[in-house]
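Presented below are the structures under discussion, each in the form of structure tokens.
In the two complexes below, chain A is the common chain; its partner is chain B in one and chain C in the other.
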Partner chain A sequence: MNIYIQGTGCVSPLETAAEGPFPVVVNPSYEGARLKVSDPDYKQWIDIKQIRRMSRIIKMGVAAAKLSLAEASVEMPDAIITGTAYGCLDDTGVFLTKMISQNEEMLTPTSFIQSTHNTVAGQIALMLNCHAYNNTFVHKGFSFESALLDSIMILKEGNSRHILMGAMDELTNHSFNIISRFNRFKKEPVTHTELLQSTTHGTVAGEGAACFVLGTEKSDSAMARLTGLTTSYKPGSTAEIAADIIAFLAVHEIAQEDIDLLITGRNGDVEGDTWYDHVERTLFPNQAVGCFKHLCGEYPTAASFGMWAGCKVLSSGQVPADVLFKGKAPEKIKKILIYNHYKETHHSLILLTGC
Partner chain B sequence: MGSDVWIGGGGVICGIGDNLPECIDAFRRMSTGAGVMENLSSALRSSFPVVEVKADNFTLAARAGLPSHISRTALLSLIAAREAWESTGLGDIRNYRVGFVSANTVGGMDKTEDFFAEYMKDPQQGHLHQVVNHECGSITELVADALGIRHHVTTISTACSSGANALMYGSRLIRNNMVDVVIAGGTDALTRFTLNGFNTLMILDTESSRPFDDTRKGLNLGEGAGYVVLVKDELSEVLRRGPWCRLSGFANANDAYHQTASSPDGTGNYLAMKGALEMSGLKPEQIDYINLHGTGTQNNDSAEGLAIDRLFAPHYPQVSSTKSFTGHTLGASGGIEAVFSAMAVREGYIYPNANFTTRMKEVPFSPVTGFSEGNKIQHVMSNSFGFGGNCSSLIFSMSTEG
Partner chain C sequence: MEKLMAALKAQIIEQLNLQEVKPEEIGDDQPLFKDGLGLDSIDALELIVLLQQNYNIRIANPEQGPEIFRSVRTIAEFITAHQNKN
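Moving on to the complex of A and B:
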């Protein structure tokens, strides 16, 4: 059975919240080591009365979901599956700080209600009046991949035509401040054109939402096939992940040379990037390599932005100059391997094929 | 497609027992768990009873073999997951391809709320070890690492239905031959965050909760963890005492009515139960017992009751809410109640619904009020419904049934 990506939607630090190709102007605005989503006009998708009550992650998630459904011309999906590592951090922070400062008195329910991790998936179901299967994965750097695997397994069962799936994470002032204390982000100023060549520790913080409509039919809007997915939790060494990649390609009967473009989750952290250095050098020395985290920042579900970018490459047949990191893109791009890791712990491989 | 999925073992820790035999004994003795909080520190201490696990973090940490500063959510999880694994008799976990699919809703919030009190005074203050495991997924990884599980590790959070969805996903992993065994269920510790959150919704009872009773006033929050061990066909034969039962059906549906409230007629509840029956190939009258979601809130119990009426009339199975003993353990409840339901099939148990006096006006049936064993039970349904409209039902069946 083939699984097609029939529609995509993305809200990110770039102007991605529109149907069509990869944005022509790419100038994500770094505020120190922090990249914020470029908020589209959410009134396009959400009733203005609801917008006021919604935190950013809900708005981003709903916008990405609606964009992907529109692109796929699907009104009612047969399942809604999301991944979010941190969930609704803003509402969590609001309720938590009020609870502490008001000594557990005079609290109001809105931020608590919207703090649960399944809020975005629930809101999408509510807006679509969709009674179908609804699930949310919250596993750090595997949140998106688990949602993707759940979608694949359900499609294989043969009772579902279209699944709306995606991932979203928001960055808040609290989360940026606290994660900064773990020395995860760059101390020195950096731009998106410099980040990937950085020789220092840390990366830039990011956020975003990317959604996909997956189906088993090659619809008019289908832009790629999702041909493979696997994850590796805490691989012991770069050699182990290289062996995992070889095994993964073998399962899908693909030679290393067949990969036209390798997209990695390189994020400018001198330590974490050694995984990508090893894989590029030993397995794909002659291939073009693309990157995406200088455009969306690092966050646990950033691989969803990577998959969105991969879809744009396959649908346009071109690698945007801002994505191309190394080598020369071939004339024809048919197969893309996305290799991402989050904090060197959660490694994932996604294989996309043009259709 | 793929292998049948069997229940090969289970483990529970909650406010009525530190392990599964203790919980069963509490049902037998009609010993409910609600009381004044002893471990959580909250301004609401004298306002609401809770169903705490009767041990402080030092005691739990010693049992779990983890440091005592680790989130209580992880301590509870490891204790129950280890009991579940050991009950199978499968031996060294490293001999199998094992998945750990654990649900929770609070993650390390019990520590984060302590951290925030300091952090709010000065953003450079607060011990980082208190927030390093804030994420729901961190809790799962602490336990997976302690058990030596690497093949597949993930976390689900769909509010009060989380634990049930972990069993569904785990079952799919086995049917797709990605792993041989999955420890699936959920965990949640009591926190000020959830206690205050539920208080703002005005659905906490100031007394012991009375699920499916006409006089019900709300729920009691509880804490704990519960896991079943799902195994594929080939392994069901090497289990110490054979499989407990088979996970024969499940479904997940969305109510799509309101972010927190159930639709008056329980649309999502109905669809979940109906879907689970369809998957298992059973007719409603074949279900012998339903372990209700039964939180004790006006809204849940009437929606769930009406949905049961619509689907099962006139063949009402025996029903009860074990939350009348354990309290509502949120992300853990689907896991804990899955263990109870699987045990019901294996041992012929029907669990009592405590504190029941008056039948609900909405439905023509009442819950069971006494514990019984040796019943001939073929099929048990377990319901878990929650915020976000997330509704899930599981069906456990005697292994001899097709």
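Moving on to the complex of A and C:
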């Protein structure tokens, strides 16, 4: 059974919420080592009476969901599945802060109601009046991949036509400051063109939401086929992940030479990028390599942005100059392998094929 | 009373995050729920907290809620009556 990506929607630090080709990167605004989402006018998707209660991640997720549904011309999905590592951090922070400052009294309901991880999937269901299967996966760096795996399994059961799935994570001032204490981010100023060549420790923080409509039919809007997905937790060495990739491709009867474009989660962190260096050098020395985290920043579900970028490449047949990291863009792009890891522990492989 | 109602309108807008609503756009006698300002049951809870936080008033009987929160004027009258009692 083939699984097609019939629609995509993305809210990110780039102008990805607008229709059209891959947005031209003028200058993503790196604020320190932090990339913030470029907020579109959410009122075009969300009623003003509802929008007032929504924190940024809910608006981002709902907007990405509506964009993907519109692109796929699907009004009512058969399931809504999301992945998020941090959930609704902002509302969680508001509620916990009030608990402390107000001595656990006079707590308002809105931030409490909307502080759970499944708020975005629930909100989408409420807006669509969708009573179908609704699930949210919270598995750190595998949150998106877990949601994707669940979507694939449900489609393979054969009872669902369209599944709305996606991933979202937001960065707040609190979370940025806390994660910064673990030396995860660059200390020195860096631009998006410099990040991938960086030889220092750390990366830039990011956030975003990307949603996809998956289905088993090759609809008019179908832009790619989701051919494969696998994950590897804490592989022992770069050689082990290279072996995993060879095995993954073999399962799908694909040779290394068949991959037209490798998209990696390279993020400018000198330690973490050694994984990508090894895979590029040993497995795909002659292939073009693309990257995406200089455009969206690093966050646990950033692979969703990578998959969105891969879909854009396949649908347009072109590798945007801002995505291309190494080599010459092939004239025809049929197969894309996305290799991403989060904090060197959560490694994932996604295989996309052109329709 | 007029001063209190003006203050209440600003507090309601802030507490409920009523974007694009200005205090002068809320009528003194305009219904706050359903067809009026369009507030709902979650907003009612927010208004109860608003009264506790800003005016130190606890609503002992929940059945009073619909009458108290009918409009800005009824809230202001409830606050004034409560303050006069104390």
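What we mean here is this: the second predicted complex is superposed on the first by the 353 of 355 C-alpha atoms of A that agree within 3 Å, B and C clash if a C-alpha of one lies under 4 Å from a C-alpha of the other, contacts with A are read in each partner's own complex, and residues count from 1 in each chain.
Assume contacts are C-beta pairs under 8 Å (C-beta built on N, C-alpha and C of every residue); 3 or more make two chains touch, one makes a residue touch a chain.
The structure displayed is predicted, hence computed values, not measured ones.
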Quick check on the superposed pair: does A:R181 touch chain B, chain C, both, or neither? Answer first, second, both or neither. first
Go through the superposed model and pick first if A:L126 touches only chain B, second if only chain C, both, or neither. first
Check whether A:K328 is in contact with chain B, with chain C, with both or with neither, and answer first, second, both or neither. neither
For A:R53, decide between first (touching chain B), second (touching chain C), both and neither. second
May I ask you to decide whether A:K140 touches chain B, chain C, both, or neither, giving the answer as first, second, both or neither? first
Determine, under the contact definition given at the top, whether A:I80 touches first (chain B), second (chain C), both, or neither. first
Applying the document's definition of touching, compare chain B and chain C: which contacts more of chain A? B
Kindly classify A:L107 by the partners it touches after superposition: chain B alone (first), chain C alone (second), both, or neither? both
Overlapping contact positions on chain A, where the chain C interface meets the chain B interface: 107-109, 113
Touching residues (chain side chain B, partner chain A) in the complex: 1, 42-44, 105, 107, 112-113, 116-117, 119-120, 123-124, 128, 131-132, 135-138, 140-141, 144, 150-159, 165, 169, 172-173, 175-176, 192-193, 196-197, 199-201, 251-260, 267-268, 271, 386-390
Chain C residues within the chain A interface of the complex: 15-20, 38, 42, 45-46, 49, 52-53
What residues of chain A sit close enough to touch chain C in their complex? 48-49, 51-53, 106-110, 113
For the chain A and chain B complex, residues of the former touching the latter: 80, 85-87, 95-97, 99-101, 103-105, 107-109, 112-119, 121-123, 125-126, 128-140, 142-143, 146, 150, 153-154, 156-157, 174, 177-178, 181-182, 231, 233-234
